[in-house]
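Remarks on the structure that follows.
Naming follows writing order (A, B and C), and every chain is counted from residue 1.
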Amino acid sequence: MGLAVAAVIGFITVASTTSTEQSGLFRHLLPMFEKQGGVQVRVVALGTGQALDMGKRGDADVVFVHAKALEEKFVADGFGVKRFEVMYNDFVLVGPKSDPAKVGGTKDTVAALRKIKSAQAPFASRGDKSGTHFAELQLWKMAGIDIAKDKVPWYRDTGSGMGPTLNTAAGMNAYALTDRGTWLSFKNRGDLVISVEGDQRLFNQYGVILVNPAKHPHVKKDMGQAFIDWVVSPEGQAAIAAFKIGGEQLFFPNASR
Amino acid sequence: MLEAILGGLRLVATLDLRLWEIVALSLAVSLSAVALATLLGLPLGAAIAVGRFPGRQAVIVVLNALMGLPPVVVGLFVYLLLSRAGPLGDLGLLFTPPAMVIAQTILILPIIAALARQAVEDAWREYEEQLRSLGVHGLRGALTVLWDIRFSLLTAVLAGLGRASAEVGAVMIVGGNIDGVTRVMTTTIALETSKGDLPLALGLGMVLIAIVLALNAAAQMIRDAAQRRYG
Amino acid sequence: MNGILPLRLERVSFAAGGRTIIDPLDLTLEAGASTVILGANGAGKSVLMRLMHGLLAPSTGRVAWSSEGPRRRQAMVFQRPVMLRRSALANVVYAIDAAGVPVGQQLRLAREALQEVGLAYAAGRPARVLSGGEQQRLALARAWALHPEVLFLDEPTANLDPGATREIEAVIKAFDVAGTKIVMSTHSLGQARRLGDEVIFLHQGRVAERAPIDRFFPQPASPEAAAFVKGELPWA
């Protein structure tokens, strides 16, 4: 970014989520797009709710988040033009090596959550209305547990982003739901390891939407659309697949052909 | 803990162009805010110190209270102003360094003005009679005193600089912490901490403290030299 | 151009904090004779000086000069000189500039004033590092730079040692000879005798006596002044 790209013709503002930014995906992906088109992409990373809010206010040209229901509502309400699927990553359930709820090695997240409840093992939640938080609440619902009703002492609502929540989990030796990307770059793991992974229900779909110029005339629709087109193109999809941390692929491109 | 600190220093020493860009931006933003707030705040404080008008005591109380403005509140306020959905949205300033300068200027203006007011009011007791005898009144007298006590006003300016370079709430909200565009030292430290990269965060923190320390030391030397020269 | 003298105080009084400091008095100051205002501490000398100079507004009555001019025609030197953190020369220039003198003439007038009080050697020095006596001489230079018609001096040597006092008195005498009307307050009998042509004796906010210097010394007419001269009235 500081090492100047030849002929930058302009920039767009993309509202995305902290977990996506912190995974390092954008630092890998964006220079490729900028080099071929000369459009600088500025990413503001917030929680999913805030990112969509930014789109509604017209402070962003494109939103790039992972909360399908909210995204579809965003388009239905007229704030976005069209939703394109881009990629998915997955969540993992991390927990202490000592595994007090005995959930290690299983692929069934829902069963694991039930075990955590009966063992009353500590669990750290983001509690910040983010995509991850949303996904976590869905899983509790699937397990038949109304986690909001029983304000149980073993369930800790940190009200913060993925990193700080993991910090808390590591400090408390608690279980937590996290996206794989944040986990792979997280350096303060303490005694935490991956307890549950690979469950279909842990897959996390990303969508990208152009903010509606009809609602916000100043939106840079040509450059924004160019970005979207690139991200779902074979070139962009290959770039996403090529992003690895410690040899592991984080995001799996699945834009519809 | 010691390992973390040493690790941090090592990382920082080997870090690349990106780090120095972040440092440069931090200094540019905070020093600009200090310059603006000083330009506006010193005369404002002097005018309040010397002026006599109804409600003066209330103004002083409010000004002093505003020194404690929470950075995140200022950030939110400026965000709402500069957002496209807000009154100044057409300026397109949101998520740019100028927006960060605006927010920090608002944040530290009360500090500089309030401290200047106190300093000028104290000095005015000494100067007032003589200046009025020479036919110097009102704002002109206030500015004369302001200039005469300029070296002790350095404390007010440094207080503003300290607040600006230390805060993260305002610049995070109005700047958006955009990689390569609006990322400064404090937001980087917050980011690295939340990513769990504590040694790097610590290392950056130490760089930040070292810079502020150096600026303060320089200011102190200037003040001492002036004291010896002008009496 | 008409002179600003005589100065007339008509039924002037001053009260502050519930206390009357100056009782209603009538006073006229004419050109020529140097006037010394004598009195014990607390008699009201400083307040009277400030009323005449215009730093204080009278509670009743009025202070009337005979004419108003575009330039400052009266100046004041205080017991403690207040100098700006600049050179001695710059301090004098500041006062000249404040009076609206065109920039081209300012330096010349300032240097002349410093020369007059014998401070030419200190022109470039920071004013605040000068000695007490030098600073007071600088205050005199600053006050005199515009050649005022009236020069008020409020106990100008009260804080100085005898050597510095002599220097200041010499400068004041020189101004007097050059034609400036001197109005000076002091509680030193010797100084009054050395510098004054007439004495106004102030006692508890009233003019107890007013007389030419050789009628006042050796024997004042009023009992309060007599007691003061005999050293029995150190304060009012």
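Heads up, the rule we're going with is that a residue touches a chain if its C-beta (ideal position, glycine included) is under 8 Å from a C-beta of that chain, and two chains touch if they have at least 3 such contacts.
Because the structure is predicted, anything quoted here is derived from the model rather than measured.
A.B. asks: Once the contact rule is applied, which chains count as partners of both subunit A and subunit C?
C.D. replies: Intersection of subunit A and subunit C contact lists gives B.
A.B. asks: Taking every chain's C-alpha mean, which one sits closest to the mean of all protein C-alpha atoms?
C.D. replies: B
A.B. asks: Need the most distant chain from subunit C, centre defined as the mean of C-alpha atoms.
C.D. replies: A
A.B. asks: Count the touching C-beta pairs: is B-C or A-B ahead?
C.D. replies: Most C-beta pairs in contact, of the two: A-B.
A.B. asks: Report the inter-centroid distance (CA atoms only) between subunit A and subunit C in whole Å.
C.D. replies: That pair's centroid distance is 82 Å.
A.B. asks: If you average the Cα atoms of subunit B and of subunit C to get two centres, how far apart are those centres in Å?
C.D. replies: 47
A.B. asks: Distance-wise, how many Å sit between the C-alpha centres of subunit A and subunit B, to the nearest whole number?
C.D. replies: Taking the mean C-alpha position of each chain, the two centres sit 35 Å apart.
A.B. asks: Would you pick out the residues of subunit C that each touch at least 2 other chains?
C.D. replies: As it turns out, subunit C has no residue touching two or more other chains.
A.B. asks: Give the residues of subunit B touching no fewer than two other chains, as numbers and ranges.
C.D. replies: Nothing qualifies.
A.B. asks: Across the complex, what residues on subunit B touch subunit A?
C.D. replies: Spelled out, the residues of subunit B in touch with subunit A are 17-18, 21, 83-85, 89-90, 92, 94-95, 176-181, 191, 193-198.
A.B. asks: What does subunit A use to touch subunit B in their complex?
C.D. replies: 1-3, 13, 18, 21-22, 26-27, 42-45, 57-59, 160-164, 166-167, 170, 182, 185-189, 216, 218
A.B. asks: Which stretch or stretches of subunit C touch subunit B in the complex?
C.D. replies: 53, 55, 72, 75-76, 78, 81-82, 84-86, 94-95, 98-99, 126-129, 142
A.B. asks: Looking at the complex, which residues from subunit B come into contact with subunit C?
C.D. replies: Touch list, subunit B to subunit C: 126-127, 129-130, 132-136, 140, 144, 148-149, 229-231.
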